[in-house]
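One structure coming up, written as structure tokens, with questions to follow.
A, B, C, D and E are the chain letters, set down in written order, and residue numbers restart from 1 in every chain.
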Amino acid sequence: MNDRIREILSWYASENPGIRTNLARMLNHGRLGGTGKMVILPVDQGFEHGPARSFAPNPAAYDPRYHFQLAIEAGCNAYAAPLGFLEAGVADYSGEIPLILKCNNHDTLHDEKDPLSAVTAGVSDALRLGCVAVGFTIYPGSAESATMYEQLRDLTEEAKSAGLAVVVWSYPRGSGLSKEGETAVDVVAYAAQIAAKVELPEAQKVYQKYEIPISTLADRVHHVVQSAFAGRRIVIFSGGVSVADEQFYTEVRAIRDGGGFGSIIGRNSFQRKKPDALKFLDTVMGIYETKNDRQSAI
Amino acid sequence: MNDRIREILSWYASENPGIRTNLARMLNHGRLGGTGKMVILPVDQGFEHGPARSFAPNPAAYDPRYHFQLAIEAGCNAYAAPLGFLEAGVADYSGEIPLILKCNNHDTLHDEKDPLSAVTAGVSDALRLGCVAVGFTIYPGSAESATMYEQLRDLTEEAKSAGLAVVVWSYPRGSGLSKEGETAVDVVAYAAQIAAKVELPEAQKVYQKYEIPISTLADRVHHVVQSAFAGRRIVIFSGGVSVADEQFYTEVRAIRDGGGFGSIIGRNSFQRKKPDALKFLDTVMGIYETKNDRQSAI
Amino acid sequence: MNDRIREILSWYASENPGIRTNLARMLNHGRLGGTGKMVILPVDQGFEHGPARSFAPNPAAYDPRYHFQLAIEAGCNAYAAPLGFLEAGVADYSGEIPLILKCNNHDTLHDEKDPLSAVTAGVSDALRLGCVAVGFTIYPGSAESATMYEQLRDLTEEAKSAGLAVVVWSYPRGSGLSKEGETAVDVVAYAAQIAAKVELPEAQKVYQKYEIPISTLADRVHHVVQSAFAGRRIVIFSGGVSVADEQFYTEVRAIRDGGGFGSIIGRNSFQRKKPDALKFLDTVMGIYETKNDRQSAI
Amino acid sequence: MNDRIREILSWYASENPGIRTNLARMLNHGRLGGTGKMVILPVDQGFEHGPARSFAPNPAAYDPRYHFQLAIEAGCNAYAAPLGFLEAGVADYSGEIPLILKCNNHDTLHDEKDPLSAVTAGVSDALRLGCVAVGFTIYPGSAESATMYEQLRDLTEEAKSAGLAVVVWSYPRGSGLSKEGETAVDVVAYAAQIAAKVELPEAQKVYQKYEIPISTLADRVHHVVQSAFAGRRIVIFSGGVSVADEQFYTEVRAIRDGGGFGSIIGRNSFQRKKPDALKFLDTVMGIYETKNDRQSAI
Amino acid sequence: MNDRIREILSWYASENPGIRTNLARMLNHGRLGGTGKMVILPVDQGFEHGPARSFAPNPAAYDPRYHFQLAIEAGCNAYAAPLGFLEAGVADYSGEIPLILKCNNHDTLHDEKDPLSAVTAGVSDALRLGCVAVGFTIYPGSAESATMYEQLRDLTEEAKSAGLAVVVWSYPRGSGLSKEGETAVDVVAYAAQIAAKVELPEAQKVYQKYEIPISTLADRVHHVVQSAFAGRRIVIFSGGVSVADEQFYTEVRAIRDGGGFGSIIGRNSFQRKKPDALKFLDTVMGIYETKNDRQSAI
């Protein structure tokens, strides 16, 4: 285990050794293993957006085993999915890649202003399947946020006592926020303090009073990371909706330059044919492998 | 243990020895240890108001360890924070200052008239982290107050049986109160009967019928303390929003002269650079160390 | 908190912050607070040997409050007693000295070859009374040792999850051991690996093959401490039966010189009149306050 | 409530207010209410010795309601019986006299050297029946004593958390003791430290070394009371087997003069016709009402 | 993951994916990772035989951290130790090597004919510490074997539901076996059917009836492996007491040639100075890396 990984683990010194072991398993796995950066493949769109909207662009992806293969071949640090999707493939790939069991899920049959996900899995499932972590989505900004925080608190207590890491998907969303506000840098930074995995902030807000630099995307990433306990929590950024590849790479460079810890890339990966997806992820990982000076200053 | 602390503990004679032990730990710690006065550093603004609004004025404060250091160096009686913020620093400072685990938290992404906090931590966390107390916020005046009282009752039952003290943050707030009413002396006194940590009342209301003196701030503090079981419960006052330092000191003198037990000072402490914060807290503690005659009469 | 205490706490890095907090409370309390040495007053003889045999030499000791006073006035690091004895005094002394609840006890109405203590208290009692630790006696060498190890394992699991430290009294005793063997240095070292509080070895055994020096008492203490995880566990030595004071002081010097962490002194303390006991303990603590070179080499 | 009862309750300051309330109910009830002395009627002989041996001398006593009436008419402080015996009469006498539910019982069909009672009732029964206390018998000296101590510990934890007092019947008995030793003053004093209700010691042992006076029965009572936390626990003495009335009164005077807290009188009460029993108990209570100088000196 | 590891995992197809994941973690770790062979470092001798007998030959081994380092540097597949020994080092080495928590332990202060180990740790500990497996010792042949089988069954049920592998140490021992019988090939084969880690059989018995070849050590290993579900369970052999290195290597070759899955080597590793130990283990692993034809036929 190299010094960078030891440093990251030291931020979690109040957690038990099991949690640190499972964090190490993710940080040391795959092509980015040992760099302190992570690329995670999440596939909860089948549940969240329905199978056709998710998998029709690449019908091989209807098969749950496809995503295990993609994550393994691409050298991702971990693969995250809901219970059913994991169960349908894990027998063939036990021990080949760290798994994150997504424990709540939200369908989009309803166009809710204030989304609340259903809790569909738990710690005993994660242990039985050999996962390194449980995942949970919160929507700060939703009128249901207090309920989600309490569900997350219960899951976290149980997971931690079993030595599992907890990965929180934090999407500012809900009636309390304007569409622009949902990705405003201060709201996203706020979410980052509560969780550890956030959407990349696109919009700007005036941070003039204290002269926080937020003019570049790297600046904004830096601010989000700083907001997560002064950079002492792993913050991974979500690619969000499909954009042109070059724009995506530019964002990844900004995440890297701003001190972010990596990307979680779902639709942008699995909605392409596999060779394309592998090439795309190869480029992303290549960017993360290239160190830059700014990061070490955080 | 001196006579004043013994006297205060005697008010809690119906509680078990564990609770009294943990109260004694707070009352005997730090610069004001043994005086019967307390200054507590609370840092839940990162969760409550978002990190940038909380920490940008003093970026060192993004790091959870900063607040442990500040509370220790200033000689506070205790440090209070939510679960994540405590976990991210406690490994480095175990046993150095009494800790209060803030068990519910309220984000401000919504502009709710009737706030209800989310329960984000509990007694098992407090024990695991070595805390002396759990903290809980109630909003008497909120339409959700009954829910909060019931959550508090459950937390209190579990905490007390484990020997933990319970610190209640009581802010009159909600649709049932006018903005002016929120800090009216009778409403605050009412809240004090329910809890033990209240905002300093700023506004006045007519207390003429029974000729309760409320003309000075010290009078109003005295009335609030009296309302909390005739002064037999520890009532600490919240500094609230930033004011000029001189005005703050004047208020602290009024708390002292009115028989209050101390201050809980968050933003006014950690939003300054550390040397300034230490000087500011030094002045506050100096005021509390200066006895006055009125207090002993309560 | 000074560097020596931080160093000791670092040996317990895999334990939760609550446990480390409670260890720090003992290590930082009383006259030896901060030295890394401890003197603990234990009073379980009333249960173990009967009240008259225990307290007739100093009738003031029939009163459970006497022992709290003695431990506080002498500046001990902690006071240890069974449930009833703690309950009968703790209300008057809450928060004045760290308490250890002795959770199993053994009466001596029977002359058993293979003693097994009764479990008479537990973690919920310790929390309710504000204790920093639970205590438990094992007799490696007893035919009942497996039962004791399993009881200890259950108690430890529950105590640790509640942030309590665990203090083990380890007395080699039982049908598997000769009287001489009970205090042989290798058996005692063995016990030290299982526990953390042991009787001072008096007899010798041949340690010739590997040339472990055990000719002096300090040598033997050193070997016992080394056996407890290379000195990375706190090992405290029991004074055992009454001996002449000068001999006792000589043994204390040997414990200090051999790198032991202190003494647990029951009958030798409370069976004297209080002024004598305070003077006796003052001498013992004075010896521990005097550093020697050998210790730092361990 | 008078000062003597307040003083006695102060010894139980670490217990919760519910326990102190139930102790006060016993101490303030009946003819001796408020004196600090107690006479309790126990009827577990039907279970322990069989109904004929118990009730044939006074056939009215076969009816469980008889004993409620006797205890009420005599002005006893409390009535103690096993579950079935209480259930069969309590409906008619709810609220008329404090009740103690005897939770373990021992039949005498076997002539065991090492008796172990069966647990036949529990805290939920005591609450349901409106009892002020649970009762439990231990036999220090029995080879089964560790089991009994652990059963008592479990019962006590549950009873105390429900605010019930715990009355322990402590009879030194078992293969570890000679018949003479069973009532030897040191063994009984020992038992008193573990419990609070003991048989009156008849035999003597040499207490010469520390010159503990045990030549008179009052001396021996005094030593037993002292052994129970320096007189800070209520110790009541058992009358044991039937003796001539005058001898019994002499023993009661010794209990009073030695500082004992009263008598528990079963067969000597209910095996007489009711008018005789009332007269007998009237004499006993009269003795306890007569203060003597020695008591106040303890 | 290569085909050999997939093949081994396929034998455990009825187990949940968590168990297979943890088996894969061991099989893929260290120098022998991926070969299907394993070398495990076990250190329970400190508890089993006492610290001096265990560690005096190499005093560095008194420190629990030493064994983590040795196992990591040597490239072992896993490190196995009791609870206290793991806890005292795991904070520094979380995530660096697969850990096996030894859940029962047997001291040797008694010279029992029918050993029964004490259960000293459990599944919750293993999860909290990040272990891949729990370990448990059975003594088929002991009069206490039924108790051990039942304890093992309970542990296994709980461990498997949490996705942990179970490693059984199976030593034929007890009053039912002659000293010679303890290592007889049929007894060992029998034990292998119950467990998966066995002592190397040294003695012979007549296997003539069915013409099972057992003339060479490789033959006997082959028979033991065959006895463990026709080679479809991982069987690892114990080195036992110290022998000359050349003899040890010869035995390792026999294990390899007989189709055994590897060695568990305790005292032969850690009782040497580290450079010697690393060289010794290097030789052992080199032997296992050298394929032979016979194995593939099993």
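Operating definition for what follows: a residue touches a chain if its C-beta (ideal position, glycine included) is under 8 Å from a C-beta of that chain, and two chains touch if they have at least 3 such contacts.
Values in this document were obtained by computation on a predicted structure and should not be read as measured data.
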**Prompt:** What's the overlap between the neighbours of subunit B and those of subunit D?
**Reply:** C
**Request:** Tell me which of A-C and A-E has more C-beta pairs in contact.
**Result:** A-E
**Request:** Scan A-C, A-B or B-D for the interface that duplicates C-D, counting it as a duplicate when over half of the contact pairs agree by residue number.
**Result:** A-B
**Item:** Interchain centroid distance [CA atoms averaged], subunit A/subunit E, Å
**Value:** 39
**Prompt:** Just curious, how far off is subunit E from subunit D if you go by their C-alpha centres, in Å?
**Reply:** 59
**Complete:** Separation of the C-alpha centres, subunit C versus subunit E, in whole Å, is 37
**Message:** Counting only residues that touch at least two other chains, what does the list for subunit A look like?
**Reply:** 13-14, 16-17, 161
**Prompt:** Touch graph across the chains, line, ring, star, complete or other?
**Reply:** other
**Message:** Applying that definition of touch, give me each pair of chains that meets it.
**Reply:** A-B, A-C, A-E, B-C, B-D, C-D, C-E
**Prompt:** Mind pulling up the subunit C residues that touch subunit B in the complex?
**Reply:** 1, 9, 13, 16-25, 28, 90-91, 94-96, 124, 127-131, 161-163
**Item:** subunit C residues within the subunit E interface of the complex
**Value:** 11, 13-15, 140-141, 143, 145-147, 149-150, 153, 157, 172, 174-177, 186-187, 189-190, 192-194, 207, 209-210, 212, 223, 226-227, 229-230, 232-233
**Request:** Give every residue of subunit E touching subunit C within the complex, in rising order.
**Result:** 46-47, 50-53, 55-57, 59, 62-64, 66, 83-85, 87-92, 105, 107, 109-111, 116-122, 124-125, 129
**Message:** Could you list, by residue number, the parts of subunit B that touch subunit D in their complex?
**Reply:** 13-14, 16-17, 161
